[in-house]
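Heads up, the next two complexes both have chain A, just with different partners, chain B and then chain C.
Let's turn to the complex of A and B:
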């Protein structure tokens, strides 16, 4: 375990990605606290160029873009991280149940997962938002549910492989209960794989969230979101390109960082195996 | 094997019915939905409208959809939804099918090339490009392509008018899809090239080209084909965005408009069609999977767990 962590911290790219992500999150959380305006407040002349007072200028209604970026980041990133985590935890638990129970329970769960993964996640998010009340953030559950099937497949496969292995067999022969085997052997072996998958599904959730913002579903106008900010910036692209470039760059940067983080974890794992 | 696929195709119907049920249930939670009359039909007698329970309506909807292809009335126009859906589905399906095909034709060779040049500059270039393009949201890429090719170079119209203009929306989808396919192909190929049988074949004197294309490719394609489903779903989502961006009146645009105007029948119809398309994609995924894994053809009688076994290859 120690070795893996060391390998991860020696991976310069992954560490840089992690640091950038942390910095972006800190910026989104802290900046609005210290700024003297909020995302809905009109704080000056409309469409100002970037200045000291408004680091990214103001938008078509005269609202400070920097604050809107930070508040939008709070929403986009929290949707991405929350739905990724919800999917990871739920998927892991369901996967362990499915792998351990086997038989009828297993096949019902796997059928259900096949059904869920045959619905595009964007559609699921749109339907959840529509059905459970628009603009209240319920689309998060749609994104999370769409992220569950890969976790269930991954974890179920891992459970089947590990519970069939010699050391799980030995542990059981020594009188360990199945809960102990799950805790000590299965979860420990699966956690790194699940961590990689978590970064991927967070990146996917981020994409879906920005798409929702872009097609203006789920998030209502005064509330900023990176995709929605890009959409409004697009209208003034000729004269004020920064209004759409900044949100786009933020989205791409976050997704790339998540990917690199996942790659970093994977690389630090394969050192143990000696391959690659 | 034929029997298995017949069964698989028949299983599409309960799958789609499950999706419809899910949407029915979700919609009934919504305060303000007329649960007594979720779907509008042309031959609805006025006085009977409130007499069906939710389950009965669900049964009626499924019955009409599967036996009469009757999706009800478009809430916005009051005309038959079926004609509308056919037209719009045509647009979306055309974009998606073309882009999925081109995605694979482009992504697989690129992935193989990167895997063969592993560790050299070509590989690092391709890997960073694929990471970048799979991270870029489709609407950003669409905007960038429009600025370069339609506004600066004036090769295309900004809003598609001729068939030629559809190249930009297609390119957006292809670039994003191909990046993902190339990534998976590279990983699969790199893994296979380290297997002992590749070394054995090489030491037998086979040329590198024949080892890669004849022998290694077949195993390397397993993860690539097992993500066919995911790629289709991704490009379908992409198509929704691209339609909105280029103001094409496809399925995705209809769906988004149905959500914003609370048109239940239209949304239900669109969701049914999307679920149908995705079920067909998942049958194709299984078919492709069988094509590249000979051992599966023998064990198909236990076939229900086949895709899961391969799905783990992705990690």
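Let's turn to the complex of A and C:
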């Protein structure tokens, strides 16, 4: 255990990525609490350039962009983290069931997963939003469901590989329960794979969430969202480039950090560098 | 406790696998026994059913495999009809098994310490972690590992093949089983390490009176370790007897051919090694007569038509061949 932690801390890139993510999250959570304005309040002249009072200036309605970035981040990031986690947990459970049960159950589950992955995730999110009530955040489930199939495939593959492995057989021969074999060996060996897949699906969820914001689906104005902020900014790209560059940069930075973090976790958890 | 009490008696074991290409009869008819304090070897080539027989005894066959007939009586109880739950209690604590490739038999995600203590505690939840740790270290020491504490903290990747096999043997013996099934435990190891593992097993047998069922394809290993040998081919026991009987007065043409195929140091190397012509048995369509008949130099018409019965040659020496007569004497 100690060795693994060391490996993680030696992984400077992943640590930096984690620190950046934490800082972004802290900024999103804390900044609106201490700012003397909120995301919907018109707090000054329209389209001001960055100043001490408004660190990122104001938008076309005179609202503080910094506070809107922070509040937008709350939405975007929580959608990304939550749907990524929901996909990870559900996908892992379904994958273990599928790989362990085999036969008909396995076939049905896997065909179902094929069906889900044949629907574009963006479309799935839009459908959930329209069907269950707009502006209530139901699109999150759409994003989460779209993230499930890769998890199921990954975990199922791992379960099949590990339950057929020599060491699973050896532990059965020494009297271990087959459920114990699953619990101990499978979970432990799949962890690195699941970790990287979790950050990947969070990054995917973040992308979809911002695309939805960009096309004004899911979250209604005046609630900000990074994709929506980018959308507002792009109309004034020449005169006020920071209005679109800041949200775009935030989106890209978060996605990159999520991927790097996933890589780092994988490296520090994987054994013999085996699991890819 | 009777010295030569029969610990495990397998009779008429038949194992088949249902595959998409047909029913594979991996073991047609196998009978052998392991006596207390003795090492019984099962020798045979790949696909002769030697490992499958062992797996069947412990109920470890793959999902499509089934022990269809016979019995495997271990201390007065037939193991074949037992359910998974009862078998699980027997595995590890009464009969243990070690495998061919020790490097893959250990989960790379766990330290040796975690692995060994889990083995102990999965059989007896009342053992405390501290106690399990202590007993594991004791067992590793008994396996000739000089730095057991360091090894306990290692991951399998850090250990050599020989070390891994010692750890596996320690795990197998941790719960004090009476029978150890060793499925080619030295095949994946270097010759020098092989020798170390063999002398460790020999020591276990001599000092602790451990009974071992040793599965191998190596006659040299058999000569070194075993008291009794069963020679298997195509899912049938061809000949069985004490090591002396098999090495010095083998009567079955297959055993004789196998022994001739073992290279010897005295050979000058000019003559090609003797090999057995023909192909291994097709287990989906086994021959009607003796399974060895198509490759047998002495094959007669009777051999092709009728499966030979096992003849008792006295003193525990048996052979299944039409040319061998009950009570000894070879009929030509």
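Basically, the second predicted complex is superposed on the first by the 262 of 276 C-alpha atoms of A that agree within 3 Å, B and C clash if a C-alpha of one lies under 4 Å from a C-alpha of the other, contacts with A are read in each partner's own complex, and residues count from 1 in each chain.
Convention: a contact is a pair of C-beta atoms (placed from the backbone, for glycine too) under 8 Å apart; a residue touches a chain by one contact, two chains touch by 3 or more.
Just so we're clear, the structure is a prediction, and the values are computed from it rather than from any experiment.
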Given the alignment on chain A, is it a clash or a fit between chain B and chain C? fit
Under the stated touch criterion, which partner chain does A:176 make contact with: chain B (first), chain C (second), both, or neither? second
Looking at the overlay, does A:184 come into contact with chain B only (first), chain C only (second), both, or neither? second
Could you say whether A:29 touches chain B, chain C, both of them, or neither, answering first, second, both or neither? neither
Once the shared chain is lined up, is A:165 touching chain B (first), chain C (second), both, or neither of them? second
Output check: A:117 vs chain B and chain C. Expected answer is one of first, second, both, neither. What do you get? first
Have a look at where A:227 lands relative to chain B and chain C in the superposition and call it first, second, both or neither. first
Classify the contacts of A:236 with the two partner chains as first (chain B alone), second (chain C alone), both, or neither. neither
Between chain B and chain C, which makes contact with more of the residues in chain A? B
By how many Å are the closest C-alpha atoms of chain B and chain C apart after the superposition? 10
State the interface residues of chain C toward chain A in the complex, per the touch definition above. 58, 60, 88-93, 96-97, 99, 101, 104-110, 118-119, 122-123, 155, 157, 168, 171-172, 175
Give the list of chain A residues in touch with chain B in this complex. 107, 110, 114-115, 117-123, 126-134, 153-154, 156-157, 193, 196-197, 203, 207-208, 210-211, 214-217, 227, 230-231, 234, 237, 244, 248, 251-252, 255-256, 259-260, 275-276
In the complex formed with chain A, which residues of chain B make contact? 15, 18-19, 23, 26-27, 29-31, 131-132, 134-140, 143, 147, 190, 194, 229-230, 233-234, 236-237, 240-241, 244, 255-256, 259-260, 262, 267, 271, 274-275, 278-279, 281-282, 304-305, 308-309, 311-312, 315
For a test of understanding, state which residues of chain A touch chain C in their complex under the given definition. 165-177, 180, 184-185, 188-189, 271-272, 274
